[in-house]
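Have a look at the structure below, then the notes.
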């Protein structure tokens, strides 16, 4: 696999420190050294934008007031950004996309693409003629076993697809939360700002993309029942969509944000005439494969039976949940807190909790007591 | 929570690009911006060390030939490292620890601490008098719900502990793999290099630390049965250890690296006189709580019922497996590959797979077709 | 709970020894002593009918040639049957129902009721005027936790229902099995014999009844997509049905007999505005309850938190899967085989496997060796 | 498989209607028609014994006052019992066993065999010379997939066994329940009546038998730690037993009745040098098979890949939990209640709940509405 020698310089439009998704983009982008944040219009609030820049190591002179300015100035610098990440609200995607593309800068954009279909098609025309890389962050297709499922289907492991079922239930909009002071939910349930589609746009698009990605089948037509389970909600919070796919296959999508009990339970089951595959985001390192006349198989990430499609994006050993890095990182954060305190001659805060030298010695005592006991026919040995 | 304003500069001893654990340390350390790698002796092979330095953005003049030189020179620089991470083989921990501590540099060290108990106690003396932060990377205590379990036990949710059971089975040493050409396993099963303890030291120490961490109970004595399931293996590959804890509680540890079917199945069950708690590394975002006279509870990471102990180290939303960042990062890696190809006027490799503009438009088409269908009583709408 | 003092005498129409479902009816009916099989027309083949009667302890003079004769003669006997169980193919339900009802005999009937709606309504008129008990064996509502779910919903545990989802996937019709010599499948996929509905009638009716039973909500209208995944199959083998229920709730049923990987995976998830409930036939002793602002609860059959609705039909202790009786029965079957052999001076067949006196003594040796070891500080004790 | 033509007549000593285990024995024995209860001394209380006889269809003249009388008289009748089931408290097994054996009657006996090892060996001598069938009801070996595991191990699926782990945790003795008025628990925790062993005898013997049954390996020695988690309890309620088996294998048994959160969680994991097998009583229709260089397999009861060892004792179709009969039986119980009410001109009690004619017709309406909708391109059809 070939990369740029240096991390790719990138900028962000939106995603400032007060929101959540900007941090996810940045942490993920920089995680394996292939990207380096260098510029941004992080917020429409200049103060927050500047603070974000400072916190994230972006030089203040590359914290811009508008995306147009940013596109222009960065495209003129010899060390300008090569790609921009756009994480503004949906109705504010179109402007920056066109601006950066026109300056020859690649674009990575949050989903959904826009609020209207017309705008989407307009952007498509701009992008397709540009020769620029354009990526939508439908992030759930980044799981190794989702790729495994796609590859298995493509090579015929389940035969010809008959039905594809994708569910994406969440529960956090089960109450009229937009009437509270949580701003995010006012925005998300306001058609003027988030578009006519509620759940269908917010997560239905993820489910739809997943179905398309994994099966590779085109969708011919659909029949949809959108509902607002919460009274007076202005957009849908539950969507059932029946699909007719090519090759006489059918599809069924259920997306909900008012399904109590679910946090983020994206899952799919794909049925073919020779087998089926099941995957769930709640346990993303497992993939079930059922085939006619074969035992039921559980495929785990990184196991010997996985194909190159998942292995090439598997970053940690089999048996380690993909959050292993975060767990490890948490220990490092504790160390950072302790070091800060010590370097500043402060007490280490009481909640900071990490294994120290005593734990290191204790581990050794345990090992040697165990060896001694075992050599004495399991005699009890004091510690 | 207070941190240094700037990321903490750190160095590494060992952990070069040819191994696996160095990358995990570095990725995790830098993940949330609190650390920045600046120096290292990454390998005993100078060439690999230099390559690692270059790949990881370390200036060549801070790639050293020995840890003593590194400790000296870094301690003299105004921008020298504040902390060193030691990931050398176990018998090579002691030297660097003492060297860096003597120069006032904090230390983070892989487990187990050393190969002999004498050496461990000697290091302990050095560290305890130094005022330096010293952390062992018993990484499994970094999972939010392990912290949750500890906090729940401390506040009495399960009453007085009666029994603590920790299992840590793996299967990758179930065959005489040390007779193949996989170097790592020759090293790990050679008492001269990895110490007298095999599995008991390698992962038994993790299990032991987990028991101590979660219960808070001291261990009074133990009875151990160490075995080599694989014939002629020079160290143990399976360990059963019975423990007697304070307060008349008992403990049971089973660690194995010859248990076929397990990848990395660390788990614990803690029983008190009022309840019990269960956690497993194979599904780390779930914690079971059973209490007398109460329904069985499943506590998920980030849910409303979690305590500050887990929330303060929870970095991503409830319902997103902790590998969400890695999945996201994988998409960014695909983008990096595509951008590299385009910037160098190459074809994008066929295996590079990411959602592009078509997928963005398709998502919009899906949303608006769904809205149209729903408004027409679920009529079928073509796509 | 009041019962007849004696088991209720019952007869069967259909269900002879060559089929499967007759045995299930009889075993279940007699399991807890409330019913006793006394008469029958077990098969249209007189020989099989007689053999079935003999095997099942029915007096040959109460093995009849026709259901009309059986209804007449049994109604005249002082010890005649009080109830008849009808397990003939669907198109042969109507005749016997009317015949037995007209003689004052209660009726228990397999589902679906008939092959045509007209016939169903005709039977309804007959039954409703008769004062006779009439039961459809929608057997899945007999699980204690299905009753628990119904009771919880009725008392408001999940608030007002918004959506009810019932799935019933099976996989055994995923191939054109009707073209093999397995007679059962020819019959089941022939509209002339099994009716126009395939899967929709065979198991869709179970799913529909489950939805109605658990929610108590009436169905106002439906939109259905029936498909034959197997080419040239004469009836549907996959059904997606969207439902509109009273109170503005919606329903979604998916039933399939061509979904590879599923054996008999009936399950439901019911979402209200205050919580949700999940149950699956693959693990029928567990019921999940999710409520706003409460921890996730797992309700197990027989546990302290269950209500009278499930407890009144719970026959075995908590923690014992409901198949405990069958496992116990299997040991008894082994004993029967051994006793047969011994009584007939034959060798006990080698595959007969049950714990004997040695296992009894061994158990005692184990207990006393354990006690001795424990008293000697866990010394090793030989067996 | 050959059986007696008629069900085998059997008697019971103990097991009267006021206890639980007698009913389980009887229901299981008669479940598949191979046994018929004909005689008994059901209780030391003559009144309860008679009531039990009447309730269970045993002629009053075959309800005896003592087991000696029963053994004598039944052995003299031409239609006397062929086998006796003994379910008295442990210290009362020995007398009846000897009495019935001496009259040529086969014996089925609850576990553990006796209270003392001396008595056990005495019985062994008596039984071994008698030519009578003698079965201990270690009931958990009656599950089909336990047999499957045994057969798989015997044929070498996991290679040579290295370690066998059996756990049997329960939680119902986690409080000093013997101080309440629940008589059963006073008896069970009184060494004078239940023997010196508490949990080790009550369920430890099940775990031990399971280990022996599945592995086929002999136990050479053991080291045990018995504890009473509940203060002042007179017998153990928690047992950890380390075992050394033949062929240099090891075993680990943990049995507890004070492990809160567990109802009846018997499980085993057997590790060989070529694979491993896992089974749990909480989900008894699943068996995991892990083999070197093969995908992880889930074997379900009745599936195509099962062997004759489990198929010969599989009584219901794949995908139906083994409690299918009980669920079915529950519907029959509801019918019995309704029939009782109708036959006695009483109102059917409001809690009696079974599907009637309306549900039968509704099912048909559902089927035909679905067919109509599907034929009209999924138009909405009213019900």
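Going in written order, the chains are labelled A, B, C and D, and every chain counts its residues from 1.
Basically, a residue touches a chain if its C-beta (ideal position, glycine included) is under 8 Å from a C-beta of that chain, and two chains touch if they have at least 3 such contacts.
Predicted model, so just to flag it, every value in this text is computed and none were measured.
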Subject >> Chains in simultaneous contact with subunit A and subunit D >> reply: B, C
**OP:** Please name the chain that ends up farthest from subunit D once chain centres are defined by their CA atoms averaged.
**Re:** A
Original post:
Approximately how many whole Å separate the CA-defined centres of subunit B and subunit D?
Top reply: 44
**OP:** Give, as an integer number of Å, the spacing between the C-alpha centres of subunit C and subunit B.
**Re:** 49
**OP:** Measure off the straight-line distance from the CA centroid of subunit A to the CA centroid of subunit B, and report it in whole Å.
**Re:** 21
Original post:
Hey, what residues on subunit B touch two or more of the other chains?
Top reply: 223, 225, 242, 296, 300, 303, 378, 380
Subject >> In the complex with subunit A, residue positions of subunit D that touch it >> reply: 223, 242, 289, 293, 295-300, 303-305, 378
Original post:
For subunit B, which residues are in contact with subunit D within the complex?
Top reply: 158, 162-163, 165, 171, 174-175, 223, 225, 227, 229-230, 238, 240, 242, 250, 252, 254, 256, 258-261, 271-276, 278, 288, 290-292, 296, 377-378, 380
